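Here it is, the structure in full.
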Amino acid sequence: MIGILASVIDGILIGAVYGLAAMGLTLIWGVMNVINLAHGAIVVVGMFVLYMLVSALGLPAYGAVPVMIVLGFVIGIGLYWIGVHRMIGRPELMSLLSTFALNMVLIGLGTAWWTTSPYNVQVNMPSVSWRGYTFTGTHITAAALAVVIAGLLYLLLYHTRIGKAVRAVATNREAAELCGIPTTQVLAMAFGLGVALAGVSGTLIATMFPFTVLSGEAYQLKSFVVTVLGGLGNPAGALMGGIALGLIEGLATPFMPVSWIPIVEFGLFVFCLIAFPRGIFSFTKA
Amino acid sequence: MSALLEVNNISKRFGGLQAVDRLSLTVNEGEILGLIGPNGAGKSTVFNLINGVYPPDGGSIVFVGQDITGGPPYRVARQGIARAHQIVQPLGGLSVLDNCTVGACFGRQGLGLVPAREVAREVVDMIGLGDRPDMLAASLTTAGKKRLELARALSARPRLLLLDEVLAGLNPTETEGMIETVHKIRDSGVAILMIEHIMRAVMSLSDRIVVLNLGSKLAEGSPQQVADNPEVITAYLGDSKLLSVAEKPA
Amino acid sequence: MWRRPFLWFIVAAALVYALYPYFTDDVGMRESLLLAAVYIILASNLNLMIGYAGYVNFGNIVFFGLGGYICLYLVTALHWHVIPAALTGGAAVSALALLFGLGILRLRGAFFALATIGVNQAIQQLVVNFEPWGGATGIYLSLDAYGPLGGPMQALWTTYLMIVAVTTASLLASYAIRHSKFGLGLLAIGQNEDAASVLGVPTPRYKAMVYSASAFLPAVAGGLYFFKSGIIEPSSAFNLQTSIEAIVMVMLGGSGTILGPALGAFLYEELRGFLLTAQSFSQFQLVIAGALLLLIVQFVPGGLLGWVHQRWPRTRRWLE
Amino acid sequence: MRKAFYLLAASMLFAASPAFAQDTITIGFTASQTGALNNDSTAQMRGIELWRDDVNGKGGIKVGGKSYNIKLVTYDDESQNTRVQQLYTRLITQDKAQFLISPYSSGLVATAAIISEQYGKVMITTGGALEKTYKLGNKNLFQLYTGSSQYLTGALQALKEKNPKPHIAFVYEDDPFSKAVVQAVRDTAKKRGDVVAADESYAGSTTDFSPVINKMISAKADALLGGGHYADGATLARQLHEQKAAVKWVTLLVAPDSQKFAELGDSAIGISVPSQWEPQAAFKPDFGPTVAAFTQAFTDKYKIAPAYHAAGGYAAGLILQHAIEKAGSTDPVQVAAQLNAMDVTTFFGRTKFSNDSKEHGLQVGHDMVLAQWQKKDGKLVKEVIWPKAAKTADALY
Amino acid sequence: MSEILLQVEGLEAGYGDVQVLWGISLKVARGTMTTLLGANGAGKTTSLRAITGAMCPRGGKVVFAGEDVTWLPAHAKAARGLVLVPEGRQLFNNMSVEENLEMGAYSRRARQHFRQQLDHVYTMFPRLKERRNQKSGTFSGGEQQMLAIARGLMAMPEILIIDELSLGLAPVVVQQLAETLKGLKASGVTVLLVEQNLHLALALSDYAYVIAEGRPFLEGPSAEVAAKPEIRQAYLGL
């Protein structure tokens, strides 16, 4: 019983980080109807930013978080102009391929630079132990930061002018343009924001686990699952979807072999797509 | 004359909007029934309900004695109902001829590819697109696309043709030609249910007219009866009271 | 139908493809052509979905992998000959696809694409847990299994020829479908599914049928390929990366055309193969391939043949 | 654009021109320069390259009074077996490789083995421990490593000495090699009546082991045997430490053998690894460099101490060299005959191949050791703790 | 004659290979209400979209307040006060009334007067004030049209261009909107109106342009146009 409770807590902690990763994907998807297949690569960028800052510059680990947000935003805007801008309004397949190409380039550059060897950033945080189960400090911190960042994103989207403009563009781009909103800049910014979120999730993940240039794919697939669970284009839903996924992982483990969990995950994923194609909390395209 | 299509008490609601409200109408074999009403009166929704794009919330639709309520659209098409859309929906990447071949292949007769192409060629000629059968549908002009829409519907050799504003956007000469075409179609034994704004055309083409307003039937009768109906004038041609409001000095 | 010169062209090209390495006895070339042929099969059949019906299947590799598994299982456990085993694999996978298709083809656009990823990953993980197929270890073929084909050396040639035959069949099937009523219905769905439905195209049935049809030959090819490889493991049988690369190939050559995907597959594979083996590029092969794809998607979205057709519209007549 | 095309075409022609192999012996292999197996495969490749440099530095291999230089041809297999067959065929036919060394990891080895067999080329396998590969009827495959069934038997014995009644959790990657290793040791454990507290396989891409660790804690496991390759093994070790799992004995495959494992800091302490070779090994070689000489040369060249993958790479070359020199010929049949008859001790230990036709080429001479990370003078070092004859330190428990 | 605020000369536009507009020209004087009439598919909406930058014109010239703005993007035109209330309302359906209005005042120029303009709009449409926190997607057609006009007004328009004011609305609602428009005109806002209800449009406006098949057909003061028989042919086909 206590074991199950421990699994639940662990599931919630890791799930919050999954949610943060998915938030970047879902924001971009919701605003510009682009499924960003470079998402995993961006998560990896976040991981290596942590590695560089901590190992090369000796920054404290969580100091990398704000740096990554700024850097991710800049990188995202760059990627938008390189690979996404011309795809806006084109068939979905085109943006899928374009972002996939970005993914290849990023992974390729990363492989040439860092090879595919694992890297490890040791972050020392006090952990909490309880009846033989231990919840590590990095997990708790990462989950807390994920929730804080999600909250900040909510404030940004719902209580600032620029955030409202993002939502307006997501709802009806042409009308937004007619209102005087420079929609192209808003799209670029939203992409930057999405990339920043994905990157920061990578940074947080890298505080918890060793990683390689190829680690992103696992998180990209999880982000898809989370996005579908939480509703497309809905950042708040992403957090809930992430926690739901973490819970599924945590809760299913005591009852079945670990190797069956992906089947449950992806089965649920396909089922949710068919049964709730628009998710439950979708804030665009009713 | 026997009833070809019977629409009984159908309703459809979209969110807060009652698009169609307990509407009944009948199309008889070989007749042209005009469906008119102001924009937003629910005319296109009626078409969507008839050919199964949306299932109605209530009521039934019977075509040649068969209940076709709720579609799916391709089954309705098979039964012999074809449709030309108001907002043209060409299969843009296909040629004019292929567009019509699709109609012939999957329409009432369900022809094989070769005979379907023959039918398509015939129809394309008749509709006046015979000089450019290989052109991509997407590169036709608006008028060309309208025509293609009609040709495609006709290629299905339907028993009932739903025409949604096929004359809109055509110039007077083209309109004349199209009216003639519609006459020809009717003469070949196809019944027609048409939505049309161009009153002269509706008046001259229709055997009967149904006027729709806010989703329900406002009037029904011969063209003359409808044209003389004061309610129709108010709802459709503009309210004279409105004019007086507008003309009052501000 | 056989009056069409295009068909003779395909058959002639296939003969050259099959026989050139044989007469020059260039086995290196053969291996490279074999891999390209496998990709042509994947791309060409994927094109039925993407190019004709307008549905992007991200998990197309699942057919290939499952076909391989069924074939190798029949060969090792039940000692079947590889040809009936591969065909049985194809038929079984095709039937399975029909069932799945009826479910997930209710989804459109990106939702369908994502669901196919889910299906691929779920099936891969199922196979990992499926002990009769060796679980994660997979199925290893004993060298004796090549006996019926005249030993390992000869088996390489035989499987090569069989794979080229499947490649040819893929192109011919693509042609036949393109010029059939079924194909016309698919093209209509690909252009505008709702309009197609109103025109009478039985969309759910056609979509499930094309999903199933696009599964058959890749599954057969999977059987032959993994038989030739002598080993099948879940990670290589259901490799999502390969699946996505197949989409790239379709786009590169021009989706919706008959030869485009084949051309795209061939060029992509040869380019990747070259970059991988050329020492000066091997560090950056992924970057170069990615940048190339980016340029194509942004500036030549119709792919090579799409571009040719747009530039010289008359080519459409004799290339299709 | 056009210029670039010509450049491509020109370099393609250049690459395709036949190699002139008059005074060289060409040896081909693929390595995972990219992909999941990169870390271990690179170590192996470094070993092979060091061997080449040593041989060529001493004037090459002497065959029948003539000296041949070693030429290595290698391609990136991307850690995926899709390309392995194409690349090995290319090595044989285009690059005219006379001998082959295997890629790294059992799955890729099995795939490459088909090609080497089909073309009758001798292939020394290193990093391909799975025994199944050698039971498919091959005649030209020679396994340098001790087979997978032996990997954890030592660990189990060492564990039983510390704790006669262990509650063992098997947690391992679901790849062919790890599964085969665990299968063998699990059977042994069950036969001896040990308690199997948990039995979990995980995907190689797993990054979070918390659920598994919680499950182990719930099952009151006090020993863990398993692992897979580098990335997952390192993650598992780190999480075991961070989650303070009450396991007293952890043996993981592959990962802890790498010197990189020390990056994990305290997480590494007490973790043991079955190893094909350790620098502390005290073998007296009949042929080739001493253990010390190899370790020194490797450390000088790559600035990192060699682990068993690197040693395996070097030894693969060495064994081949020995066979060629004894055969006095580069004819594959004669070299294969020498390999069949070989029973030699090098710095890597004893090497002898099975001649049984059911398992031809299987390694039967070599023994494994068990190494454990321990802290010595504030530094992390790997000590050999099993077998007793070879041990350099007592096991931590 | 008063100052010409908006002048369009020889405007050409189209979609893909299809040209829709062939040299549309019109002038709107400051403080007046001008209407653009034509049959379905005649190119009215396309004209407005090309003028306001929602689509890119292929030729011709749009001069606004003495400045050539032909090639400016829509948001820049909106910021200068050339504001379109598009056909079909195009509200931000998942946002509240007030958020919609806030978006209307996005440009820097409009932002400065946000509070004051909000009060003005709420006075004009008290119904919107009552439901300021409600999502616009739940509104009836008439309320949506009110909000669309209010959103347009928030941009501090020099000229408000309204496409299909009465489309799909009940007569009573149309009547209310007509009153609103008269009020706007009285307060000095320049309006360019596209409206299918010919009588309404001609009654409200000072000057009318009729186009057919994407080409100019006729123009004149509204009262004169209303009296011409050609207009019936072009518009109603009667």
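Chains: A, B, C, D and E, in written order; residue numbering restarts at 1 for each.
Here, contacts are C-beta pairs under 8 Å (C-beta built on N, C-alpha and C of every residue); 3 or more make two chains touch, one makes a residue touch a chain.
As the structure is a prediction and not an experimental result, all values here were calculated from the model.
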### Message
Starting at chain A, how many touching-chain steps does it take at least to reach chain B?
### Response
2
### Query
Hey, what chains does chain C share as contacts with chain D?
A
### Query
By the touch rule set out at the top, what is the minimum number of steps from chain A to chain E?
1
### Task
Weigh B-C against A-C on C-beta contact pairs and write down the one with more.
A-C
### Query
For chain C, which other chain has the most distant CA centre?
E
### Message
Can you tell me which chain lies farthest from chain B, using the average of the Cα atoms as each chain's centre?
### Response
D
### Query
At what distance in angstrom does the C-alpha mean of chain E lie from that of chain B?
30
### Task
Could you put a whole-Å number on the gap between the CA centroids of chain A and chain D?
36
### Task
Compute the distance, rounded to whole Å, between the mean C-alpha positions of chain C and chain E.
53
#### Entry: Two or more partner chains touched - positions in chain E
137
### Summary
The positions of chain D in contact with two or more other chains are 33-34, 174, 201, 203
### Summary
So, in the complex, the side of chain C touching chain D is made of residues 26-28, 30-32, 34-35, 125, 128, 135-138, 140-144, 152-153, 155-156, 228-231, 233, 235-236, 239, 242, 273-274, 276-278, 280, 282, 285-286
### Complex contact set, residues of chain A against chain C
33, 35, 37, 82-83, 86-87, 90, 92-94, 96-98, 100-109, 111-112, 217, 221, 224-225, 228, 257, 259-260, 262-263, 266-267, 269-270, 273-274, 277
### Task
Within their complex, state which residues of chain C touch chain A.
50, 56, 103-104, 106-107, 109-111, 113-115, 117-119, 121-122, 125-126, 128-129, 240, 244, 247-248, 251, 283-291, 293-294, 297-298, 301
### Query
Which bits of chain A are touching chain E when the two form their complex?
161, 164-165, 167-168, 171-172, 174-184, 283-284, 286
### Summary
Within the complex, chain D is touched by chain A residues 2-3, 6-7, 10-11, 14, 111, 115-118, 120, 122, 127, 129, 132-136, 138-139, 205, 208-212, 214-215, 217-219, 249-250, 253-254, 257-259, 261-262
